[in-house]
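Both of the next two complexes hold chain A, though its partner changes from chain B to chain C.
And then the complex of A and B:
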């Protein structure tokens, strides 16, 4: 298991400045070197022009669930700084038409950040569910878009009520019936209907083919897989039975 | 959709395992988008016209070479080494290929350098029975401990999965992984610092940083 854990190596965290030897000052998630200047947006100088910069894998959710809120808060800024650094280096490489080594590092950092945010939200949802019975997440609802198609609208918080918010009404368009959208919806629904009908016919013919090829088929399984197909009707079809003369 | 279309459109599990790359990177590096719907009010937002079927070759799908030369090319399987035993060097799961190393690969004949050609798993290669050293077919079975093992149909012996199965481009085995400067070490990763308390993330952080908030937020509207 110890060897397995070796793999669990992630982005982090350097301990270059000296800490007192007291174990109290040792933290699992410590801070980076303090530079406070613009060069923090750039990678270490020894990695400039490198062909390969190796790194471990991203943090997993189950690992982040073990960490305290303070640790997660610190790790978030470590990851954020790392991502900024990588994006700067990528842009710099692009500008100078040079190689940006190991671009998967960006994905690793972004995956870690995504997982971290998910864990934080899990904790907050648990608190809110317990205290208020609601998730406390950003609310949303199903709305109809300008093309008459439904989508999930995520709400926002505003200081003024809806009827007073002129700008919101300008930028948020929802469904209003007019001739063009009606025409579009008619054709769109026709397309959906035709696809559905074609699928029904295709499944029906496929079931007949299956019955022809495999005479002792498990009918229960067939019914489960193709619930829309009337198997009795399929057996009554003239395509069922193959080419042989009845006795 | 044909099942072969579905299977040939994605990168295999073992290729991903060997590459040690995140899925999102493989997707990003492979995708060939010809058209993406512009932002704004669209009947199909985020719709893209992109390549769905790839021709997988010996080049790995996330490399630049794959992107450049993703065109059909001829592969002929060499039958010269038929009946020989070797070690699997590389798996190209997308094409059901393996590359087998037979003995020394430092053979030169004239100006032609001998290189391995891929072999088709279903017809061209077989596993070797460990007791008789003869090619055999296998069955997947479970031991009494519930472990899934390969069993030779010839002698009934278990054919162990070699240690090279967990090899990736970054390390030979997990225990020999060399830590990189920005890696968190295993002990720190698995250390438990979380204590469940009845508070949100923000409340906890505010408390630990000594931030006190007494202001009452003004009325707001959600819509």
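And then the complex of A and C:
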């Protein structure tokens, strides 16, 4: 075993690019049957009408990061076909008012696809950063809408230059100061402020209530959960201490 | 590419390629009776005829002669309690014509096995017996609600 490892190491050092052609690395037996048919849209025949279909877990990001781009590309199509199969089976079960066994399989496939796409995206960003110094993601910026509220504007390409693009100017309106919007913003901000103040008061009173009800409370946990509340001030409040007759 | 954000095509530019298609297609039982070589699919709303053709030929290796698509609008109905109108999502159906000589029959995915049938019959018999029991018990007090047991 040791000598084999050494041999592999030597091979690795000498010529990395000849490795895949080496017979040691080639998989000789493949048990997967390749089927190209409409029946790929359906589950295995033994699972038809089954009450339970066992399945493994979804692919994790860490596992997918180890895979090559080609492998990920192949896996995407495997997942895509699996999802189509599950959707077909689910629809048929729904139409026949029968039980679709283990519906979490669909979630698992969707999760795997989401993770795979995230990993490909990471690689894409890394490649773009290296080559161009930019992320290569869809550009966007923070804009102010017609009512003065901020939103993230995702930019895209247009065949017409911006100053000539009448349609764009009709459909995309941004903030322009006028009396109505100012009035709206004033009231909107007031509402936000009041909500914030009410929350502060509510939390303060709630902390006093907690202190009254549970005298030996874990102060650290309390501070962590209500960071905005001044606990010393809460203890100084006349609501603290409850109702009792002085001695 | 992976951001699902594609540059617009300009004349002479490179052809756009989709490496990770996220379209879905499901094979459904035909809504109306179809010739034996026509298969009905429900697919993503964004798919065109060309997309369906490429999808089936490249991913599933299914040859198709002709493809027709339609968008099905489901019937609206009223909420039983509040009375507001409910409409389900639209569905895009595509009808794929297979080459000459090929036919497709939608398989029976829920075969009636003997033990399932027996379970069903057993449950039905029990239910019948329970009802007959309740009739016998309440023979002398007609029109009494079921919850009244005293």
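The criterion applied here is as follows: the second predicted complex is superposed on the first by the 126 of 247 C-alpha atoms of A that agree within 3 Å, B and C clash if a C-alpha of one lies under 4 Å from a C-alpha of the other, contacts with A are read in each partner's own complex, and residues count from 1 in each chain.
Here, a residue touches a chain if its C-beta (ideal position, glycine included) is under 8 Å from a C-beta of that chain, and two chains touch if they have at least 3 such contacts.
As the structure is a prediction and not an experimental result, all values here were calculated from the model.
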*In the overlay, work out which of chain B or chain C sits against more residues of chain A.*
B
*Looking at the overlay, does A:42 come into contact with chain B only (first), chain C only (second), both, or neither?*
second
*Partner chain(s) touched by A:117 [first = chain B, second = chain C, both, neither]*: second
*Which holds for A:147: it touches chain B only (first), chain C only (second), both, or neither?*
first
_If we overlay the two complexes on their shared chain A, which of chain B and chain C does A:73 touch? Say first, second, both or neither._
both
*Quick one: classify A:199 as touching chain B (first), chain C (second), both or neither.*
neither
*Check the residue A:63 against both partner chains and state whether it touches chain B (first), chain C (second), both, or neither.*
first
*In the overlay, answer first, second, both or neither for which of chain B and chain C A:88 touches.*
second
*Is A:158 touching the first partner chain B, the second partner chain C, both, or neither of them?*
both
*Touching chain B in one complex and chain C in the other: list those residues of chain A.*
73, 120, 124, 136, 156-159
*Can you check the complex and tell me which residues of chain A touch chain C?*
36-43, 48-49, 73, 76-77, 80-81, 83-84, 87-89, 91-93, 95-96, 98, 113, 116-117, 120-121, 124, 136-138, 156-159
*asked:* So in the complex, the part of chain B that touches chain A is made up of which residues?
replied: 20-22, 24-25, 28-29, 41, 43, 170, 173-175, 177, 179-195, 198-202, 204-205, 208, 218-223
*asked:* Can you tell me which positions in chain A touch chain B when the two form their complex?
replied: 2-14, 28-29, 54-58, 63, 65-73, 82, 103-104, 106-108, 110-111, 120, 123-124, 127-128, 130-131, 136, 139, 145-147, 149, 155-162, 168, 173, 184
*asked:* For the complex, give me every residue of chain C touching chain A.
replied: 1-3, 5, 7-8, 10, 19-22, 24-29, 39, 42, 59-62, 104, 107-111, 113, 116
